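Labels run A, B, C and D following the written order; every chain starts at residue 1.
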Amino acid sequence: MRNVLGNNLTVTLFGESHGEKIGAVVDGLSAGILVDEEYIKLMLSKRRPNGLTDTARVETDEFSIVSGVFNGKTTGAPLCILIDNKNVRSADYSEKLGLARPSHADYTAHVKYGGFEDYRGGGHFSGRITAPLVAVGAIITSALNQIGVKIGTHILSCAGVLDRSFSNVSSDIESLKSLEFPLLNQDVSGDVINAILSAKQKGDSVGGTTQTAIVGLPVGLGEPWFDSVESSISRAVFSIGGVKGIEFGLGFSFADKRASEVNDSLVKVDGKVVTLTNNNGGINGGITNGMPVIFNCAVKPTPSISIKQQTYNFITDKNEELQIKGRHDPAIIRRICPVLDAVSAIVVADLLVTKYGTDCLLKGF
Amino acid sequence: MRNVLGNNLTVTLFGESHGEKIGAVVDGLSAGILVDEEYIKLMLSKRRPNGLTDTARVETDEFSIVSGVFNGKTTGAPLCILIDNKNVRSADYSEKLGLARPSHADYTAHVKYGGFEDYRGGGHFSGRITAPLVAVGAIITSALNQIGVKIGTHILSCAGVLDRSFSNVSSDIESLKSLEFPLLNQDVSGDVINAILSAKQKGDSVGGTTQTAIVGLPVGLGEPWFDSVESSISRAVFSIGGVKGIEFGLGFSFADKRASEVNDSLVKVDGKVVTLTNNNGGINGGITNGMPVIFNCAVKPTPSISIKQQTYNFITDKNEELQIKGRHDPAIIRRICPVLDAVSAIVVADLLVTKYGTDCLLKGF
Amino acid sequence: MRNVLGNNLTVTLFGESHGEKIGAVVDGLSAGILVDEEYIKLMLSKRRPNGLTDTARVETDEFSIVSGVFNGKTTGAPLCILIDNKNVRSADYSEKLGLARPSHADYTAHVKYGGFEDYRGGGHFSGRITAPLVAVGAIITSALNQIGVKIGTHILSCAGVLDRSFSNVSSDIESLKSLEFPLLNQDVSGDVINAILSAKQKGDSVGGTTQTAIVGLPVGLGEPWFDSVESSISRAVFSIGGVKGIEFGLGFSFADKRASEVNDSLVKVDGKVVTLTNNNGGINGGITNGMPVIFNCAVKPTPSISIKQQTYNFITDKNEELQIKGRHDPAIIRRICPVLDAVSAIVVADLLVTKYGTDCLLKGF
Amino acid sequence: MRNVLGNNLTVTLFGESHGEKIGAVVDGLSAGILVDEEYIKLMLSKRRPNGLTDTARVETDEFSIVSGVFNGKTTGAPLCILIDNKNVRSADYSEKLGLARPSHADYTAHVKYGGFEDYRGGGHFSGRITAPLVAVGAIITSALNQIGVKIGTHILSCAGVLDRSFSNVSSDIESLKSLEFPLLNQDVSGDVINAILSAKQKGDSVGGTTQTAIVGLPVGLGEPWFDSVESSISRAVFSIGGVKGIEFGLGFSFADKRASEVNDSLVKVDGKVVTLTNNNGGINGGITNGMPVIFNCAVKPTPSISIKQQTYNFITDKNEELQIKGRHDPAIIRRICPVLDAVSAIVVADLLVTKYGTDCLLKGF
């Protein structure tokens, strides 16, 4: 199912960077969920370029929900949200037509779709399409918050500048809500901004890593094999352009450890079974264990840079040079955080609905 | 779909560590594929414990294919392969019943299945269930080889000992076939074995990383969003117990880089479009670009160790100490390699069948 | 997957009778298919009420395709089509709120969605939602026609008046294109119209049967079990409100026959294998056999009638009388024909793409 | 998903008529369901040929459950059931190889699978494969019975002899359990048997119709569009070889009726909302309304007859005559009843699990 995320709660994406509208259809939402348009706007604003460390293309992200909501609440029927594309400068793309931008999908899309692809701004591959994902994520996150599930993502590193990891996860998630730059250690925000601006000045871009936490999940979500929590989250996360790695809990740091150093002992404290450490990131055997689900993602530097590059022109069939104009992000690490929150919310809500049935996003579990 | 991998070519897993039989049903295989039982045996032998660096539980993995094959070739109907469990010592588990092994699925399974789970040896969560995955992978790999696709996995690191990365990918894959310890640099095999034995001696275990390569794929496999090649592979890989991280191409090493350092320039050479570097691991925008697909996985140290551990007993409802007897692997890094090959083969075959239709595993693309 | 039809070529529906917009997302379409907006308009006009034998609510069905089409051709990315709702008179419904219309979904929707459903005009259950199905069907039908597949539906009976069955199927399908009342025997059209008007006059409605034919399919589509051609078509057809039965080939007339009377003998004539009769409706063992696929549907009389009825009011919790005003169809048998064509086209295209791969709607099979 | 029935509770079928074993994998079953092997045997015996009115090939249907059951109860992991094929006479088929049996899948399978199909006894298309469906259905039916859902199927007509319809549905279902010939009016059983034997004597076969009822379902199962209850049941039912039609409630008899004659008035009686009539067969808008779900199926006469027939030989590429020997059913109408019960149980259980969550087959709704 090409553009669909989820098994019982599903999100279908559509739209292109320079198309008329982009949007999403959400199906399987419990009926009766309050749809707070202000909260959707807030979440979209977190994803929107800030003009300084991000692309100069700023969309107002005006949206309308054309189905599935009645009297301000979800009806249980599919919800369609539409977002307008307005600030479009397609000429930037048509003049470069045929010049495959390195590390972008231009060449793969061209071959895959036989030359019929909408090449403007990356078409359906564009990060622009994450806007409806964020809008949908906002609706679902509101519902999850009501039943005790909270999600937050921060920049774990950018261009070599490090943030601290989650420690007191719930309050850390809370603290992220009001921040423009989602860093747990705000002391490093200047360094991060400077690193991005320094790359921007040279027409270059930087990568980074993120860390996401989900708290409040019951024990027992996910499945032993192909629908493990790690499988479900990673499938969603790798749909986001630029993500090239994911690790749960200690992740790659497990490789050099012995089990005696990293096994998470279980203990019952105050009537609740917890683990003394959370090196497994809240997941054992693919199933949630009640501890916070924690994962980190690797984000590559935005491939669109204005530095001259070597490439192949699939129209002239020649090797040529490319200098990208357009409007691009010197870093997407800040803007990707609300997208990670959104896909996490969708995946978790789907796992809940699968285990507890259709109504659980309204009634809890 | 809980225990099913794939969209058009699907593998359904069943079985428990100490059950009568384990197995898999494969559906969507092209008709006419030669099923070479010797090759299945060979692949199973690569996954089987060697008695030294692995668990002492050695199964002979006798299998039978009870459907879907006629006159030695696939019929196009679902193929069911069954493998016997013989070398079972369930008493090791029943006496520890209730003591949740740390970092294992005992506790999560207990809550999820309400106490009805088959707890012996991890039940359906057991690594034992990867045997039918490997058998299925062998059948599919044979077919893929015939149409020019090759897959190989090696130990990239174990307990801090490093192997080299893939360089000449095709010949590296070839060289791995005959090795007992799949290391590209065989000079480090002694160090790896010593590191494992040293942990084993203390009743401990070690982790590691793997690297997998897939060559010969056409340009254009995968989808822009939730069925990206990264999404599809990661979903499969995270179903394997012990895997806690995955990265494609440079992966987490992208985080500190600028795009100008790591973008993969395209160039047409000798009539073929290639990239000068392959930092993206053969995937752009979620779609194969014709270069080798390369990914690394992080494997945590086997949680079953004989060192005393703190844990919770969900039958007595008390915090207790646990000392695991049983027979366990001080490292699964060697045995996980053929499993990674197998799930890679399944995912790639599914992508091919989805794009080129039912017959392409026989007739090519 | 609640509102999704298809496996590899999928259609996701959304919208409510009195919502702002209704629409559909189509995914898995081959890239490069010409999208002829005039043909979509033509097909929508066949479904639109004619004012005489149909409801007085006439929508202009203005549509826009907001994604998936570039330079007049499909791009391979998801295509979203939106249709405006304009001619809405919700007051007709809100005053009757709580009075469950007999044989409608009012009561079942109320219980299912806990009172949060959009009850106006049947909400998401409304026949109005078949408009985007028809629009999507038109796009796919254009493509199918190019590769030799043709589809047509006629009224087989209405209120006891009988049309003849398909005989020369290809030319029969052709002849249906220009007809306002899709009857193969136009001599009975007066009788059909009179029967409908006679019921209308009394505030009543009538049912009927339809017959659909699909020609030009290759041998070998469909699967032995749950994705048999009959399974796939019936699943789609029973999503259309009012359909309560389906039969393939002789269908229920098989019941009183002996095999010697109805078996379809195979014979090779002029280099082509055909059956001498087509009692199985072009399907053997769930698989197309190259003969025309033929099926009949039973359509119940539209439940909305202005005659006084007994019902239950789920707001007052009392048994009450109901007299429906609103604007309703005294018969939907005419308007359902293009909907049956549309879902047939979607199902067949999905079967083709599944067997022959992504490109086959453009390139043929 | 070729051989898979269901969305959350799934059944995967495998096996061939003359293969070593046939079987099914069930996934998504609630943990803790009692698996009563005696009840499975009983249900299998209802499907087994009786030697008189059925085929002379009688299999003992010895089965083993090799996974998913522990201490006599389901574990929540996939359950695999295997049934041996023993009474196999493949020579009957190999000598006729190439001669496509009319109205069978021989020709369509041959083209679809390129000649690699297992042609013996219809291979994977064989009615033999319904044995594991019945076994699985028995397990699920036991669970459904515990939570108040009951299912029964009777022969509604055979070779023109008519049974009465369901009237007091619950007690009618009860009465069917002990009958060898599932007829509500046992007075006609002699006529049915005679009609079958009369056809058998001439080497011919007869068709019929069945009627299935499901009681005890809650209001609100199913979905408005493609997962309507009618869609879900019909998809399952048309996977059974020989079924060529299905109708819900009045079905095709709706066609000549006016709404005023057939609308089902709702009324609250004794604290429960019911309909005064049940012409819609318990389904409104695709959703259960709490009344018994009732549907009829058309079953064609078994195509295997010993009367000489005209056909095409796809090996010699010539039109030839065929006289089938082998062992065949002069009627499958009796043996299809438990298969219809089984697929109904699977569909209904899947709808329940989808709405109420994983545990509902154990804990109720």
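By definition in this document, contacts are C-beta pairs under 8 Å (C-beta built on N, C-alpha and C of every residue); 3 or more make two chains touch, one makes a residue touch a chain.
No experiment lies behind these values; they were computed from the predicted model shown.
A.B. asks: Would you mind telling me which chain pair, C-D or A-C, is linked by more contacting C-beta pairs?
C.D. replies: C-D
A.B. asks: Taking each chain's centre as the mean of its CA atoms, which one is most distant from subunit D?
C.D. replies: Looking at centroid distances, A is the chain farthest away.
A.B. asks: Distance from the CA centroid of subunit A to that of subunit D, rounded to the nearest Å?
C.D. replies: Roughly 45 Å separates the two chain centres.
A.B. asks: Subunit C to subunit D: how many Å between their CA centres?
C.D. replies: That gives a centre separation of 27 Å.
A.B. asks: Could you please state the distance in Å, as a whole number, between where the Cα atoms of subunit A are centred and where those of subunit C are centred?
C.D. replies: Going by mean C-alpha positions, subunit A sits 38 Å from subunit C.
A.B. asks: Would you give the residues of subunit A that are in contact with at least 2 other chains, written as numbers and ranges?
C.D. replies: Within subunit A, the residues that touch at least two other chains are 1-4, 7, 13, 77, 112, 124, 224.
A.B. asks: Given the complex with subunit A, which residues does subunit D contribute to the contact?
C.D. replies: So the residues of subunit D in touch with subunit A come to 7-8, 77, 224, 354-358, 360.
A.B. asks: Within the complex, which stretch of subunit B touches subunit A?
C.D. replies: Interface residues on the subunit B side: 1-5, 7, 13, 100, 102-105, 107-109, 111-112, 122, 124-125, 129, 157-160, 199, 202, 204-209, 219-220, 223-228, 230-232, 234-236, 238-239, 241, 243-260, 262-268, 273, 275-276, 279-281, 284-289, 298-305, 307, 309-312, 314, 317-319.
A.B. asks: Over in the complex, which subunit A residues touch subunit C? Could you list them?
C.D. replies: Touch residues, subunit A against subunit C: 1-4, 10, 12-16, 19-23, 25, 27-28, 31-32, 64, 66-68, 70, 73-80, 82, 112-114, 116-118, 123-124, 359, 362.
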